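Going in written order, the chains are labelled A, B, C and D, and every chain counts its residues from 1.
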Amino acid sequence: MPIDLFVDLLIFVPAIGAVAVLLPRNNPAAVKMIALGTAIVCLLLNIAIAFDYYGTTGSYGIGSGSVIKYMTDLVWIDSVNIHYITGVDGLNLPLLLLTSILNVIIIAASWNIEKQIKGFLCLYLLLMFGMYGVFLSLDFFLFYVFFEVSLLPMYFLIGIWGGPRKEYAAIKFFLYTLVGSICLLIVMLGFYFLIPKISGAEQAVANGKASFNMIALAEDGGFQRAFGQGGVYWTHAKWFFMLLFVSFAIKVPAVPFHTWLPDAHVEAPTPISMILAGVLLKMGGYALMRINYAIFPDAAMWAWFIVAMFGLVAIIYGAFCAMAQTDWKKLVAYSSVSHMGYVILGLAVLTTAGRNGAYFQMIGHGISSAMMFYLVGVVYERAHHRELGRFGGLWNTMPAYTGLAAVGFFAGLGLPLLCGFPGEALSLLGTFKASDWLTTAPEWVPFAGAGAEALVITIGIIAATGVVLTAGYVLWMFQRVYMGPAKPEYSYSGRESVQPREYFVMAVLAVFAILLGVFPSIVFSLTDATFGAAYAGLGDLVSNLASLVGAN
Amino acid sequence: MTVETVSNLLVAAWLLPVAGFTLVILFGRLFRDHEKPAWFTVLVMGTSFVLSAIALWQYMANGMEPYCDPWPWLAIGEGKFLEVGPYVDEVSVLLMAMVTLISTLVHIYSVGYMHGDPRKSRFMAYMQLFTFSMLTIVIANSLIQLFVGWELVGLTSYLLIGFWYEKRGPQLASKKAFVMNRIGDTGFLIGMGIVFFKFGGDLVLRSAEPGLGIFGTMAANGMNPLDLSSADQWWLTIAGIGLFCGAMGKSAQFPLHTWLPDAMEGPTPVSSIVHSATMVAAGVYLSARIFPILTPGAHLFISTIGLITLVLAAVIACAQTDIKRVLAYSTLSQLGYMILAVGVGAYTFALFHLITHAFFKCCLFQCSGSVIHACHHEQEMPKYGGLMRKMPLTAIAFAISTLAIAGAAIPYTEYALSGFYSKDGIIAGAINYGEAFGRNGMSWGSLFYWGPVIIAYVTPFYMMRAFVLTFLGKPRDKHIHDHAHEAPWTMWAPQLVLALFAIIIGWPMFRVGASIHATAPTMLTHDAAGQEHLTMMSQGFDAHTEMAHGFHLTHGFLLHGFAWIIPMVLAAVIYWNGFAITSRIFGLPVLKQLHWLVYNKFGFDGLYDTIFVALCKIVAKLAAWFDRMVVDGLVNLCGWLGKNIGFAVGGFDDQVVDGAVRGTGRSAVKLGGVFHFVQGGNLRVYVLILLAVGLAGLAVVVIPLALGWAEPAAASTAATATISALTQ
Amino acid sequence: MGLSYPPASEYWAVLPEMILAAAMCIILLVPVLPPFRSACRRSHKPMLIIGILGLLGAALASAGMLNQWFGTELPDHAVLGSMLTVDRYSMAFKIVLYLFSMFVLWMWGSITSRQTRTVDGPDYVSLILGAVLGMSLMASASNFLMIFLAIETASFPSFALAGFHKTTRRGSEAGMKYVLFGAVSSAVMLYGLSMLYGVCGTLDIPTVASVVAEQGLSVGVIVGFVGLLIGVGFKLSAVPMHFWCPDVFEAAPIEVTTFLSVASKGAAIILLGRLILTLGFYLPDTAEAHRMANGIATCVGIVGLVTATWGNLGAYYQENIKRLLAYSSIAHAGYMIMAAGLVSSSLGGAASSDVAGIAVQEPLAYALLFYVIVYSFMNFGAFTIAASVARSTGSENLRDYAGLGSRQPVLAILLGCFLMCLFGMPGTGGFLGKVYLGFEMWSAGMWWLVAGLVINTVFSLYLYMKPIIFMVFTKPDADRPAVAPVTVVPAAWLLMFVALIGILATGIFPDQVTGWARSNAALNYRSRPLFTPNDNRTIAATMMTADDETPADDHGH
Amino acid sequence: MTTALTSIGLSHFLVLSAIVFGCGLATVLTKRNAIGILIGVELILNAANLNLVAFNRFSWGGVPVGAGTDAVPAVDGLMFALFIIVLAAAEAAIALAIILNFYNNFASIDVERGSTLRG
């Protein structure tokens, strides 16, 4: 089956490309072409996968059981029963598409880097390798390995091609993420020892052996019973959930684990900021859905309030921080913190609407944040500073660019018919919806019962105010940078004017921003079939609660 | 023609402008001059109007049934969706026709007004986008689509107000408008959220099949908003007020009203359509559309807001000297009327007034635009006067609209300008509402009809004031007066058309009000609550149509068409010589301060700037400080510790990566000082440490033996006990 | 019972050691013989080749015995008067040891400076072989006397090697520090051993273990264990016996550093593992014994933890790459010690299993073996690169690595890989090695050891990032004299890629290696002492191993 | 066995060896002279030897109970002591060689001088 092959090719083509990039001797053009070619090949593979998946899965309608397709399952490290499992489902396919599209765009965006372009692209392709691996791997250990693999290239990409305080930002990024991955490691040790001890009829995972197969764990009755509420490992489950949450919250990043993000963004070169905000942050959200919420549904219910608080704080706090920034790029970086808060909130409340919203927010923010960072980069390349106070009148001097900028920033602002809106709206609506299941939830769920309604409404109201703050800082920025009388120092002409290549990058992103905003079903038609199944313990909360009541 | 076709016609009319926008924004720059793109947009709007006109005619002629055509948009899981799509009933077809007509006229007007502006085609494109957004609201059947349109009109209003972004005023005004609207939208979101989890998941107002949609769900669950005992009362009230917050933002109701006057910084065509005729009325439209879920609590809230707004705005309008600001405040006041109408239950009259008001207020703004255009963008009325001779057509149009807004009618007859009919219905409804309070022994309820009644006398006054100051009397600024000239046809023609509509649109023969009222059953009968509202409102309607009952005599002047004469005469007398009289009056001590206060709009702007804006910025600064100092500071804490340990052990090393966190890094480097010290290269130190540690370890395990465990067997326990004691 | 001479078959068990000894003798004698004298003066090649052949032969011999190529099973009990336990565990390590030493010789022959090669060629090779001999004895010692002999046999050549730069002050200083320090620690160990003998009446490790299992810890036993820990810890450079390590590693020739950093520590950890496992094996599965095991594990664990932390933190200051790697090797020894103390992992084997005495699979032994394998690969790679840089620039200072990333990208990338492997980046063997150790600690319930391992990993990040930061980020500073361009000899490339393949193979496709290590992680606890203690207490081990027909009968004399 | 010795038991030897051990340690720690340190080491070694011999004589010597007439007494301790003596000699040889080398470079055998390797 060629598509199965494509899925694995998707992981390894970038690795091959990374090697191939090293071959040509002092011939930057060839290097760039190789890199671009690799990205395009990946994109084509990915599109083929997407079409086949859509064609065979159809859209809309809850899948029953696992809808993982094109699954490859090879024994990797037999001694610990670690497998090489890759597969595609609605949970990772849209993110894969996002990654592929952004890769092409970003390689185009980094076309004019002179400094060691070969090394840059080689590292970037390695990063691609890591990203595809993270999204495609369905084995916990494999996931962990790729999670780390994606870390190192980023360290160097920031550390070598970054700004004045690049080493600082790079090592900070590295240390933060390392702490996160160590939490993962501990959970993995836990799996290794606890899973074999699970006994019971439904224990189908690895009959007495450890298993890191995330899909199997999510669906295995014995595992769910043991790690579910009232199960033997209920306490462990809660610990594991929080450890995993911390390690992914660092990646997302959620306040207070976010301080690496502004530094990393400010120091990183534009293309790297784009991929960092566009895809790497999404790894955290994706992992939350794939691991935390799918494997520990009960712990997720137990932790809903804590997680929701993380999301809420991120939304409001990030927005306020963004408002106070005078560095343009920092503002955008903090806006990422605020926007990813909706992802966490939407996941926390455990409603289908919220989950859809969270997922769409990841895709939409992937486009809009990448675009915003590029918009900043385009000006930074010419003005060589990012002081919001010193800009002004760009609307006059670069009208076409400003038109595209409006699309980008208003998408970030969450304007309807742009990619920022559906995610936010659905997350918020889902938050309100949470009182449905909370009122009927068992008493071990925090704040369960009739009082839940008021609490949930309060959370929703606070979260909704984030919308105003967003409008505040985006518009203020827009006014300071683009409005006002034209300043001569920012009027560029000739080869200083915005190049067609740059217009291409911005235009493609703008098109996707509008496309996703007007037809969000592009995403939902791919995800919807999975979201019922990937959350066997969670998708249908009513039946889940019933089973729990049965369990007790 | 079937109703599906009508719906498709409307959809076409709805989507045409966005096509026009796209084409112009992308390819407009290809043309040397801006005229071709501009006229192209006019053409597009015209087509759109024709389509919706046909739709209107067909719908009315065949007396069709309401029809909705849901499109799935946002997936909310389990195969369910938030739906968008057109909803066709009398109200939507009427409003479609009205908006497209006015938009077409304003497009033509803009062609003239924006002549020579370097960004004219972009302006026209924005207008197209705005029309599309407005139609999105008008045609919406689901809250989510309403919200989409809501935000889009907000955006276009932002772009249009800030069209002359080089100037500081428009920058601030546009930002203010957007943020204020967003505050309202937050309420909208909240209300939407509550509705989402309480009444039907798809946020559709009316569904084709009963039992679905918001109203349908309510009907199916037997929720009656008027039934105070029902458990959902509370949620319904919150939801209603939340959604109404959106209306407050968009319709600039108190306390979110301050953005509208500032919005006059935008080009006058913008004011004429966005900030008078259509967008600001969207709030009224929303409130009317969600009427069936409004509880008595929500009613009280809405009517109070409406009352405050209409009084406040009217008073302020009397003191303004900027012609556009006068019109802006009169718009606020009229919006107050409409909101009040919704609050008191006469929402069909709110819609009716929305339509009539749209025509005459749009006309008024266009006239003021022509005047400003003629007077070198001078907007201060003290500089005007006696322009009637210079620009008669404009003056006529202005006069007609003034009469219309004043609710002029031939006494004791039914013959009147459009404003009379709609406003009268509102007042009748208000009286009803007040009476209802009175019946329950709450005499203060009478405020709800004294307010609108009195302001019904004030409105003609300040409108006449504006007219006199502008067109009559002697010219007060020679220079301006000399250069003044009649506007080109592209500007006066639309004014006359609008004036014509301002006269006739309300006439019963055109059945506008009646057909809107006819929607009441279709809007309401889905639920029990609807029936109650129906009766409650038809009382108001009958009161208006029959003019029979007792309270008519008490308010005879208004209801028999006298209310406009006296204030107008008064205004004409006072202001015939400009500000000669008033300046003397307001020279008096107390009145002086009073006038100052009113002139400065009761200082709401200053209040908001000082409190909310400043507060927000302070909080932001605090947050950023906290982030830098505390959150990052915690991360750097180990670095700090390390540094001090480093001082203790001495020996620094700064060739490693600089910066604070490599916190672990730094601290460990300094810790390294210890090892640096110990690893002194002195052999005997090494051996000493070795033996010391060895003997210590020995002691740890031997001492317990010495302490009385003679027999070795127990020694193991003793040793392990001490060891574990040491390690825990 | 009584004095029984070991049967001739038992001598086959030490075939590899014999080959080594023979090679050593040849190397010592041949240059003296007139016909070869001049040839040996001219070049070090012949000696080198003999040495390599000797090691290769030894490796083949042990591999052959492991896989019964010679048709002889491995002896099922300690041979040669129960001096040596020749089981899969020790054999597997010996193969690693021999091959590693072979590569070290190769590296010395190809990379290091000509002067050291020709003049002292023969001595050098013979010293290496001698040390290897001692280490392989350490790996399979099953008698305290043999432990002492083996440690000394491994140490004496190491002393000489450490001071191999005779003419330099630093060389001689390092040699002296090493020898005096070693002498003191071994003397203390001996004192401890004498106490142990006093309590148990025998030096046979399984017997001692069973006696301890019976009597529990008495003062003598504890003194003995502490002394033993000091002696083994000296080879392991466990804190506080580590002081010699950085100084010696810095001053010694780089390939000697390589050799010591892996071989001697590996042998010592294998020895420690055997001691602990044997003790655990003979302990009964009682709560009492569990407490004792817990106590010992705690003690050793603390030593390991302190060692690891000390090594990781102490490295921050270092500017000399050899010194840096010395600290890193201390840290890695610490990781291994942390796991090596887990007595409970083999607890109650004797009582529970009827297979007692026949080779027993031990997960702990497996983890240690695997770690040693990975460790030898990654350390060898790192040191090879350091050697090649030193060869062309003559400097071991990290500042002279500045800009290496652009001057010699491939070399820099390789060094980066090895350092990341030492750090334990997933996808490299270093990570799996740590994971296996972590598994052992967790399953022994020593979660605080796991935490310590994790935290130390974080600490170590900076230590391994430091050279990378120098290579990639820092510019060569102007005040230092410009260093010569780095040129790498082909042999060095070969060695590096061997090491690279090693770490990647152990990291990405570890199943071959892990499977091999797992199948060879089998210990043999059975002993047959020449002299049986003469008190009337019956010693568990000897009774267990005493077959129906007495040894005297099969091998009469 | 003479009567003089009978009154002397194992404990006497252990105490003596402990004293010797202490002296050895003291020497190692106090001497700056490399050879002095070496002598200290020898003292410690001989303390160990004393222990071994004494234990062998008093605790573990003699023949196993029930062993044949050809059984020989256990001499583990003695053999260990012998090995220690031999290896101590070898160790001393190497140490002296290295110390000599040290002397050639530092013109002194004061260990304090050798502190060029540090940190």
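The criterion applied here is as follows: a contact is a pair of C-beta atoms (placed from the backbone, for glycine too) under 8 Å apart; a residue touches a chain by one contact, two chains touch by 3 or more.
A quick note: this is a predicted structure, and the numbers were derived from the prediction, not measured.
Q: Return the chain pair with more inter-chain C-beta contacts, choosing between A-B and B-D.
A: A-B
Q: Find me the chain with the mean Cα position closest to the mean of all the protein Cα atoms on display.
A: When every chain is reduced to its C-alpha mean, the one closest to the whole-protein mean is A.
Q: Rounded to the nearest whole Å, what is the centre-to-centre distance of subunit A and subunit B, using the mean of the C-alpha atoms as each centre?
A: For subunit A versus subunit B, the centre distance works out to 33 Å.
Q: Could you put a whole-Å number on the gap between the CA centroids of subunit A and subunit D?
A: Chain centres of subunit A and subunit D, defined by C-alpha means, are spaced 68 Å apart.
Q: State, to the nearest whole Å, the distance from the C-alpha centre of subunit B to the C-alpha centre of subunit D.
A: It comes to 97 Å between the two C-alpha centres.
Q: Would you kindly tell me how far, in whole Å, the mean C-alpha position of subunit D lies from that of subunit C?
A: 26
Q: Would you mind listing the residues of subunit C that make contact with two or more other chains?
A: 176-177, 180, 184, 188, 246-247, 317, 458, 461, 469, 473
Q: Quick check on subunit B: which residues sit in contact with 2+ other chains?
A: 657, 662, 664-665, 676, 679, 681, 683, 687, 691
Q: Which residues belonging to subunit D are in contact with no fewer than two other chains?
A: Only 28, 37, 111, 114-119 qualify.
Q: Judged by the touch rule stated earlier, which pairs of chains are there in contact?
A: A-B, A-C, B-C, B-D, C-D
Q: Under the touch definition given earlier, write down the residues of subunit C that touch subunit A in their complex.
A: 406, 409, 420, 425-427, 432, 435, 438-439, 442-443, 450, 454, 457-458, 461, 465, 469, 472-473, 509-511, 514-515, 518
Q: Could you please specify the touching residues of subunit D with respect to subunit B in the complex?
A: My answer: residues 25, 28-29, 32, 37, 111-112, 114-119.
Q: What residues of subunit C sit close enough to touch subunit B in their complex?
A: Spelled out, the residues of subunit C in touch with subunit B are 176-177, 180-181, 184-185, 188, 199, 215-219, 221-223, 226-227, 229-230, 239-241, 243-244, 246-247, 288, 291-292, 294-296, 298-299, 302, 310, 312-317, 399, 458-459, 461-462, 466, 469, 473.
Q: Help me check something: in the complex, which residues belonging to subunit B touch subunit C?
A: Subunit B residues touching subunit C: 651, 653, 655-657, 662, 664-665, 668-669, 671-676, 679, 681, 683, 686-687, 689-691, 693-694, 697-698, 701-702, 705, 712-717, 719-721, 723-724, 727.
Q: Which residues of subunit A touch subunit B in the complex?
A: These residues of subunit A touch subunit B: 60-62, 165, 167-168, 171-172, 175, 255-256, 258-259, 317, 320-321, 323-325, 351-353, 355-356, 393, 395-396, 403, 410, 415-417, 421-422, 425-426, 428-436, 457, 460-461, 464-465, 467-469, 471-473, 475-476, 479, 482-486, 520-521, 524, 527-528, 531-532, 539-540.
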